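Have a look at these structures, which come just after this line.
Consider the two complexes below, in which chain A is the common component and chain B and chain C are the respective partners.
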Partner chain A sequence: MNTSPAEIEQTVVAFLTRVKKYPADFHAGMSLAADGVGLDSLETAELSATLEDAHGIDPYSTGIMPQTLTEIQAFYDTVPTEV
Partner chain B sequence: MSASSTGSGEPAVEATSEYDPASHYDRVTAAWQLLLGDELHYGVFDSGDELLEVATGALTARMVQAAGFAELAAARSPARVRVLDVGCGSGAPACELRTTEGVEVVGITTSGVGVDAARARATALGIDGVSFEQRDGMDNGFADAEFDVVWALESSHLMRDREALINECARVLRPGGRLVLCDLVKWRDIPFAEVRGRIADFATLREAFGDAHFESLDYYAGTATAAGLTVERTDDLTAATLPTFDRWRANAATHRDEVVGLIGIGGHEAFVRSCDILEAFWRDGTFGYGLISAVRPS
Partner chain C sequence: MAVLTHAGSTSYADLVSASRRVAAFLRRERISRFAVVDHEAEVIVPLLAGAALAGVEACQYPPADAGEVVDLLGRLGHEVLVTDRADLAGLAERTLATHELTAQAEGSDDIVVATDTPHLVLTTGTTGAPRGVRHDWSRLLRGTPRIKSGAGERWLLAYGLHQFAGLQILLHVFAAGAVLVAPAPRRPIEGLAAMRAFEVTHASATPTYWRFLLAEMRSDGGPVPALRQITMGGEAIPGPLLGDIQRTFPQAQVSQVYAASEFGSTGSMRDGRAGLSISVLERGDDADVAMKIVDGELWIRSRTGMLGYHDEAPVEADGWRATGDLVEVTDDRILFKGRSSEIINVGGVKVHPLPIEERVSAVDGVDLARVYGRPNAMTGSIVALEVVAAVGADRQAVDAAIRRACEDLSPAARPRSIRFVDSLLTVGDKIIRSHTGEH
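Let's turn to the complex of A and B:
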């Protein structure tokens, strides 16, 4: 599965768009939590499941709690491309 | 949800998500009157055998007692007692308060459908002294110290910023006035891994009940205290409200065709599953129901 930064961004942006929490000024360093995009715990869990479905693994399920798209992309930089 | 002033004194309310309170209530109000009963809230059961309308009336009576209407009425004419009903639903409690207590009631909700339904209810009942406006409880736009009682019946869990809600409630209370609030509460924090493992359950609850967030009774008491109020009582009503789910399931079976016509088969099924999920959370000590009253010091 492709875990390039562009692919991860595409997955995250598609998710944020689906849950209607994609701010016009969204950027990779914006917090995904209440002080930024505004994902609550359920939406974060749904993002976690979406990333796992799309890319085979997700950071949240490994105990890492990334706060931004940049941190999510950094997680995938550390795992093998094929999982 | 966001709100901005229109200059008319009635804040404009803009819905941004299908799960935000206004959009959610617009979608489900008619169906919920069939499913939850006309008062649109939980019931407090004594024996557990009562009809739902008896139990919902018992909850209202408990809030009336906590609000201290008798004390206020003794101090001055009930008609001069002003009540703000935050999250007034379809207006049933507001109309009942006007009728039974004789107080003036202003009901607010972010739902335009709710306002229309509440106004229609008051008109149909021929009640004056009760009015309904589309306003946001977290930024209600009223002047300081306008009300003797602020009444929040199962509305706080749908407001994202409960601290802002309680601060606003405290701000509009006159000295000696009371906030009385009842709502679903949480009794423990749910770890992320548990949310992740039960995504389907939580998504079902959101589908049925909107974008809800629960706090503990201690949170409500602490926030009210921080807002300058003196907490008078906190009641754990978890066990007393448990039979509500049986009644709601029975209503879902009785009114199935009408409800499906209003919110679709998916909405009906989500509601029934939600009753099962919530009942399990009630029983395992995760969620429950509470009431708090707090007075603004004279």
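Let's turn to the complex of A and C:
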């Protein structure tokens, strides 16, 4: 599965658009939590499942709590391309 | 005629003769209990009836491979195995060929009927390994004198006779003097073919079976079977499915049965509405089956139910038992919310899968849906959904429609994961909701 930064961004942006939390000024360093995008715990859980479905693994399931898109992309940089 | 299959028909007289021959053989060989691995009604019926006549405990296993049969033989302590399957030869201490047992030359017309008539039924194993449920034919037959004559009726056997529901159909059909139409295998596609070929008038199956059968009919575009009676049971019945069935078979009376391997049948609801009438709570102490609700769970006291589980202490046969079915009373109905074992814990919030499944099943483009708890590091579980889309449906559009249909559910109950699949995992034609989806 493709885990390039561009693919990860596409998954996250599609998710934020679907749950209607994609701010016009969104950027990779923006917090995904209440002080930024505003994902609640259930939406974060959903993002975790969405990332796992799309890319075979997700940072939340490994105990990491990324706060931004940049941190999510950084997680995938550390895992093999094919998982 | 008693049993009708694609291979031919068997009369009541033939079944009685074969049963007597089986009983005589079992007595002669001093066999006290046995397992059987065969599934054709015309051989299973004389085996079960002959065992009952002789007071021998029979237990029919589900279709299983050799490894599973070895496991069951060990767990249930069966030393005698009756089967025509060559791959099972030598697995038990003693193996008897089914066709030889039912074709014994000698029977007896004056066989003394046993007073203890044990029978062992395996649960479907939707929540774990199958368990042996101990019954006695005298209790199972308790309600049959009330069954009216059904001459001319042709009943589809959609369940296996190893399932309690299959036995219930068998007892009803034979007590009514009707014909049992027994296709093999018993999948919806063969069931539909048998309905059309043998002019089936009555059919009883799980809601999951009926969903598959409707999908088969939509797919093949063939004629609608002229059913006069449709019965659903074995799992909770979604309201939308009830409507689909009534629209597809407008001439059929639709009824629901609420039954389980442990407590037997509780009777049927014939008003075509979801759930049970609250009148079932007022049946009184004299009723064979009484019900009450305790903390949102249905409890049952049955005089036709089990005596206990195999290799466990007997239960109080006529005592109250929790069913594991969660219910709520709305107006004059008892509505099923799901099994207590199927509750999904989403961040501490208990979510019942069934109402969500009903809602999703009603969405255009959805043939089948299964709601289950998907493990999640953030919230323990999230509500997840597997969907079988209708042929030709646009999956993206169906996905969006499902999300819109669930928008007003509480946040914990909204499906957070939707996967489109080709088929759903079922056991005994029941959807497995406790499975986490990693199949």
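Just so it is clear, the second predicted complex is superposed on the first by the 83 of 83 C-alpha atoms of A that agree within 3 Å, B and C clash if a C-alpha of one lies under 4 Å from a C-alpha of the other, contacts with A are read in each partner's own complex, and residues count from 1 in each chain.
FYI, a contact is a pair of C-beta atoms (placed from the backbone, for glycine too) under 8 Å apart; a residue touches a chain by one contact, two chains touch by 3 or more.
Just so it is clear, the structure is predicted and the values come from calculations on it, not from any experiment.
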Which of chain B and chain C A:A24 touches, first, second, both or neither: neither
Partner chain in contact with A:Y60 - chain B first, chain C second, else both or neither: both
First, second, both or neither for A:L42, with chain B first and chain C second: both
First, second, both or neither for A:A6, with chain B first and chain C second: neither
Where chain A meets both chain C and chain B, residue numbers: 40-42, 44-46, 48-49, 60-61
Contacting residues of chain B [partner chain A, same complex]: 16-18, 190, 192, 195-196, 199, 202-203, 206, 211, 213
Residues on chain A engaged by chain B in the complex (per definition of touch): 19-21, 40-42, 44-46, 48-49, 60-61, 65
Complex interface listing, chain C residues touching chain A: 346-347, 374, 376-379, 382, 384, 403, 411-412, 414, 416-417, 419
Chain C partner contacts - residues on chain A that touch it in the complex: 18, 40-42, 44-46, 48-50, 53, 60-61, 63
